[in-house]
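Two complexes follow with subunit A in common, the first pairing it with subunit B and the second with subunit C.
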Partner chain A sequence: MSATATPLGADVAADPRSTRRSRGSDKSRAEAKLGWYLAGPAFVILVLVTGYPIVQALYDSLFSYRLTAPADREFIGLRNYGVILTDTLWWEALANTALITVVTVAVELVLGFALAMVMHKVLGWLRPIVRTAILVPYAVITVVSAYAWQYAFALTTGFMNAVVPGVGEDFDWFANKWTALLVICLSEIWKTTPFISLLLLAGLAQVPSDTIEAAKVDGATAWERLWRVTLPNMKASIMVALLFRALDAFRIFDNVYIMTQGAAGTQTVSALAYNQTISRLEIGLGSAVSVLLFVCVLAICFIAIKVFKVDLARARGEG
Partner chain B sequence: MSTRWRGRLGAGGAALVLAGSLLSCGDGSAAAGTPTLNWYVNPDNGGQQRIAEQCSADSGGAYRIEVSILPSDAAQQREQLMRRLAGNDTSIDMMSLDPVFVPETSEAGFLEPIPEDLQQELSAGVVQGAVQGASWKGELVAAPFWANTQLLWYRRSVAEAAGLDTTRPVTWEQLIEAAQSQDTAIGVQGQRAESMTVWVNAMIASAGGEVIENPDAKGPDIRLGIDSDAGRAAADVMRALAEAGVTGPGVDNRDEAATANLFQQGGAAFMVNWPFVYAQGKSAAEGGTMDRAVFDDYGWTTYPAMDAGTPAAPPLGGIDIGVSAFSENPDLAFDAVRCIVSQENQAAYMVSDGNPAALESVYDDPEVQEAYPMYDAIRTSLQAAAPRPQTAYYNEVSQGIADQWQPVTSVGEQTPQESQEYIEQVLRGEKLL
Partner chain C sequence: MGAMSTKEKAGWYVGALLIVLYAIVPVVYILSMSFKSESDLSNRQFFPTTWTGENYSGIFAGSGSELFLPALRNSIITCLVATLIAVVLAMFAAYAIARLNFPGKRLVLTSALAVAVFPVITMVTPLFNLWRRIGLYDTIPGLIIPYLALTLPISIWTMSAFFRGIPWDMEQAAQVDGATSWQAFRKVIVPLAAPGVFTTAIIAFFIAWNDFVFGISLTSTSRAQPVPAALSSFTGSSYFVQPTGAISAAAVIVTIPVVLLALVFQRRIVAGLTNGAVKG
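Showing the complex of A and B:
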């Protein structure tokens, strides 16, 4: 996420139009310079703290390297990648991760928009209360929310079997892949919908009220105003919300780690990387999984920015 | 604000932050004179903390032991220790190690070798399985502290009603029959976790097999014995359990604690489990969360056998104390270890924390006998117990077994062969885990 944020400042400063516009204006040139001074240190630190581990992981992924047997370290080229890409477990984990990403982001977008509308419309003394209430789940740490959901559904501690109709009292949600994934997705949606609604609320605030008024005067129904005026004006913030959440959802780890530890075929890509690197201490193989995860995240960014033309600058109200 | 001023402010702020972090790094090691020994322990009822205080006091100022608590899960304890040790962390002097991770820690050179005479002292009078569990390549590399073993627990009334003779070794087959006749379950650990390996290993060992045939070998050269008659016998037991419908609800996510609860609540009248269940039942009865009559109905005997003629090889667990190779005071650490594993401390620890001692003589202590009426069953079980595979690649083998033998209902004729092939591929670096 940080990597996508840093080029913004660079874009603004290096944009030929802005240079042209500012030619001859000392004030704007000084401002651009100040921009660099302010963003520069953060940019350098980010490159150091994110760039170094990435390069180290790339390098480690070319070795057969076990942390407890450093003497046996051996250069094996791209063999780790061959092992991973021919392993059904990798593809299963990738499919699970993609499924969780698509399902949770789609549901969160619809729910988040509804909640954003509520936060936007509600007035008076209710406003801060509603906004706080909606944001509470996002303030909960993911591990805590994962435990809460697990305890609610687990056979030993849970109460959901008594609440959900058509479910027997001995039903084990985490013994079956699809029910386990369902609980994981529910927990994820509950936890991060507020984040999406917050981003969408910012978008809603940018929709010009006079355009909506004009549409009202022209006789557009509420539904038409939503589809023809509000949503098109919010496209940028919707796409940014989608991108941020998709990147976040693709790296899902906590919920799976707490609830199933990857049992019942619920392995995800991040959990797979953790298992090789941290649990097995196979630094080489684990780094290769991490690099592949990084490539997937890059691909999502690339598709979003190039294919769906997400304009990060516009979402910040700079366009 | 001028540009120069901004620069000064920025530099000043950075200097403040730096100074703050340097200051916070500086404290901590400012003990006055007495060397501090850091002991990384698994969580318990506070028994290890008490022993640390006692030994510190007894040392007469030679050392002071400080306890740092590791995560509760054995696998996570290993993760934390290994990562610290791989970074040559000098802040660890002693560590409480699960015996299954002793070979890996020793093979990696993370354990300070124990002097010959101390090896003899630390293994004298210790149950055989515990010595084996603390040894690697013929040397004692950690001090046996406590030794755990699983027993077969049952409700006396149910066993009686089923006509099960518990005075003689019980087989899995008899157990399944008894559970079926009384419409109850057998509490086994079917979670995809270490407890699954404990169970599978005990069954394979009880059937005369071995999970690993050449434990000293490097990963790719390890020969497994899962695809064998013993492995198939273990798979048969699991299949019989599932087919008879006596595994009880939620077996696929059940660990030792969940099994103990199931037994306590009456969901299963039989279970295989560690002796902590007795202390747990006792406190539940005393606390009023369980009927006293239920607790009085608790019965125990040795682990189920695979066939009537051969006695079982029950699971072996426990904790060994290792001294870190990166400790700055290894000699003092060995003195502290000697104190920690003393007979008095082991006896007190067994009474306070419910963890069976590694020293056989502790079982003659009247206080221990009173607190644990099944002391004799535990001692007998420890003498017959089989350690889990002793290998530097234990984590791969264990995770592989847990992955392939789970869920219990999916175990079939092919499981031993498939799991063996899978784990061998993982060990050769050809598969992910």
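Showing the complex of A and C:
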């Protein structure tokens, strides 16, 4: 697809009519045409790589279909959804996913804001060092982060039991649902807070410094300045950061797969879909879980846009 | 920002130090794990008692190399090709978005946004099925195509944001001076746009390199399996030996290129990330 896209785009860009300032609707028609020639290939790929799977998943989810027994494929309507929605495993996975999303996003917002404040205030030679350091967790792949945190806490390899106060030598973090989820959250938070803090840093830079100075002169304390001036001015960037991270956290898979494989009641929605499809080859059930996950993501978007009024134009970078 | 008192300054400096510690301790830990000998791996301490390179020789020359070396090759090829395709396509799209007025501009940006938040696992089930039917399962092209779904959206935004900041008037000025549109584009705009394109490529590469879901779902052998997927299928030298050492060493190796990129291009990556999602 790229092979045809590149020369096509280049041809049109070379066409003098399209960029020259001429007059009237001729020009705007040519501009529209050029716009679609240039943006078209990327747009088509975006639509194909996600549009096809979701339509196919919707279709497959209506069948009882196991890859090992393709001859037994049978249309069963919405029964897969019935099976899933009446299974406690689904609700546990959904609850875990929601819990991980809420906890990690909340912690990351506060921690990310603190990191952004430090990056904003620190000057001189420390500034590039801090900004480089913050990129390390962002660059490290999630799987590596998952192994690092797993080894640090695991009963066989970990040093954490000796470090964390009140925890016995032989405490197994991964045998208990809540402590296993805690370690999963820690890895997730470590890896993704830098991204949030960079988005917030961009928001901080937009807060007019003379307003803050004025508040200072008027006798506002640092705490009041933060809540009355800085945060309201950053509302839009906070909302966008929040939406992005919430949607990302809701897809959590890598950390769970590496650390627990869903054991000890730590299953998440993505891990459940993976187990059904790839491990058990239950295409019908797996597709139904995938569709339900997609519906959850749509719901989060809907709530964010309608209830929290997240500015989509800003999210699109139109500012 | 006015004058800061010494005490206040010291506070921010301590904060900066904490950030550095926060960022590097887990990385240092996995690095330290990778230098532990087999007996040290279960010593439950941060550092090894004796430093050894045996885990590295294991994955480069020993029993782990059959899994690791092809995986490294697969990861490098897949991620570079996916990044290249995504950046070229996104460059044209971003040019159109930043520069032209055409109906459907917002549609392109909104679909990029929608694809970016689309649950990856929802793509996996149908692709797994389709790829098996048409022979793309366990092949490098079979990974590159879904990687475009990961890399294209962020490439489109990041570059659109960069391109909006380019003084396009200079192109017209060059044309007034007698250059053709194409010359003006190549001689004036390309040098201005290159840093943005380059930064976008780094960010897209990071995202492709980080993939795990497609890697473990759409590949099964060393023909196409990328490193993150290979990491999770390492086995110890015997059933009773955990592959901790091999995983740690391989984890360090996949971390080196991305951390180096982050260190060298820190300023650009920060600008790219903050421009792309929230206009600075």
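Everything below uses one rule, namely that the second predicted complex is superposed on the first by the 272 of 319 C-alpha atoms of A that agree within 3 Å, B and C clash if a C-alpha of one lies under 4 Å from a C-alpha of the other, contacts with A are read in each partner's own complex, and residues count from 1 in each chain.
What we mean here is this: a residue touches a chain if its C-beta (ideal position, glycine included) is under 8 Å from a C-beta of that chain, and two chains touch if they have at least 3 such contacts.
Being a predicted model, the structure only gives us computed values, none of them experimental.
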Return first, second, both or neither, reflecting whether A:Phe308 touches subunit B, subunit C, both chains, or no partner chain. neither
Between subunit B (first) and subunit C (second), which, if any, makes contact with A:Val140: first, second, both or neither? second
Looking at A:Tyr52, would you say it contacts subunit B, subunit C, both, or neither? Reply first, second, both or neither. second
Which of subunit B and subunit C A:Thr156 touches, first, second, both or neither: both
Which of the two, subunit B or subunit C, is in touch with more residues of subunit A? C
Tell me which partner A:Phe174 touches in the superposition: subunit B (first), subunit C (second), both or neither. first
Which partner does A:Leu89 reach: the first (subunit B), the second (subunit C), both, or neither? first
Can A:Ser64 be said to touch subunit B (first), subunit C (second), both, or neither? first
First (subunit B), second (subunit C), both or neither: which does A:Ile278 touch? both
Do subunit B and subunit C touch any of the same residues on subunit A, and if so, which? 41, 67, 156, 278
In the complex, the residues of subunit A that touch subunit B are 37, 41, 64, 67-70, 72, 83-84, 87, 89-90, 154-156, 170, 172, 174-175, 261-264, 272, 275-276, 278-282, 285, 289
Provide the residue numbers of subunit B that touch subunit A in the complex, in ascending order. 6, 10, 75, 79, 82-83, 86, 104-105, 107-108, 110, 191-193, 218, 249-250, 252-253, 258, 261, 392, 395-396, 399, 406-407, 429-433
What does subunit A use to touch subunit C in their complex? 2, 5-6, 9, 13-16, 18-21, 28, 31-36, 38-39, 41-43, 45-47, 49-50, 52-54, 56-57, 60, 67, 114-115, 117-119, 121-122, 126, 128-145, 147-149, 151-152, 156-159, 161-162, 190, 194-195, 198-199, 201-203, 205-206, 209, 213, 216, 236-237, 240-241, 244, 247-248, 250-251, 253-254, 257-258, 270, 273-274, 277-278, 283, 286-287, 290-291, 293-294, 297, 301, 312, 314-319
Per the contact definition, I'd like the list of subunit C residues that touch subunit A in the complex. 1-2, 4, 12-13, 15-16, 18-20, 22-24, 26-27, 29-30, 33, 41-42, 44-46, 85, 88-90, 92-93, 95-97, 100-115, 117-130, 132, 145-146, 148-149, 152-153, 156-157, 160-161, 171-172, 175, 180-182, 185, 206, 209-210, 212-213, 216-217, 228, 231-232, 242, 244, 247-248, 251, 254-255, 258-259, 261-263, 266-267, 269-270, 273-280
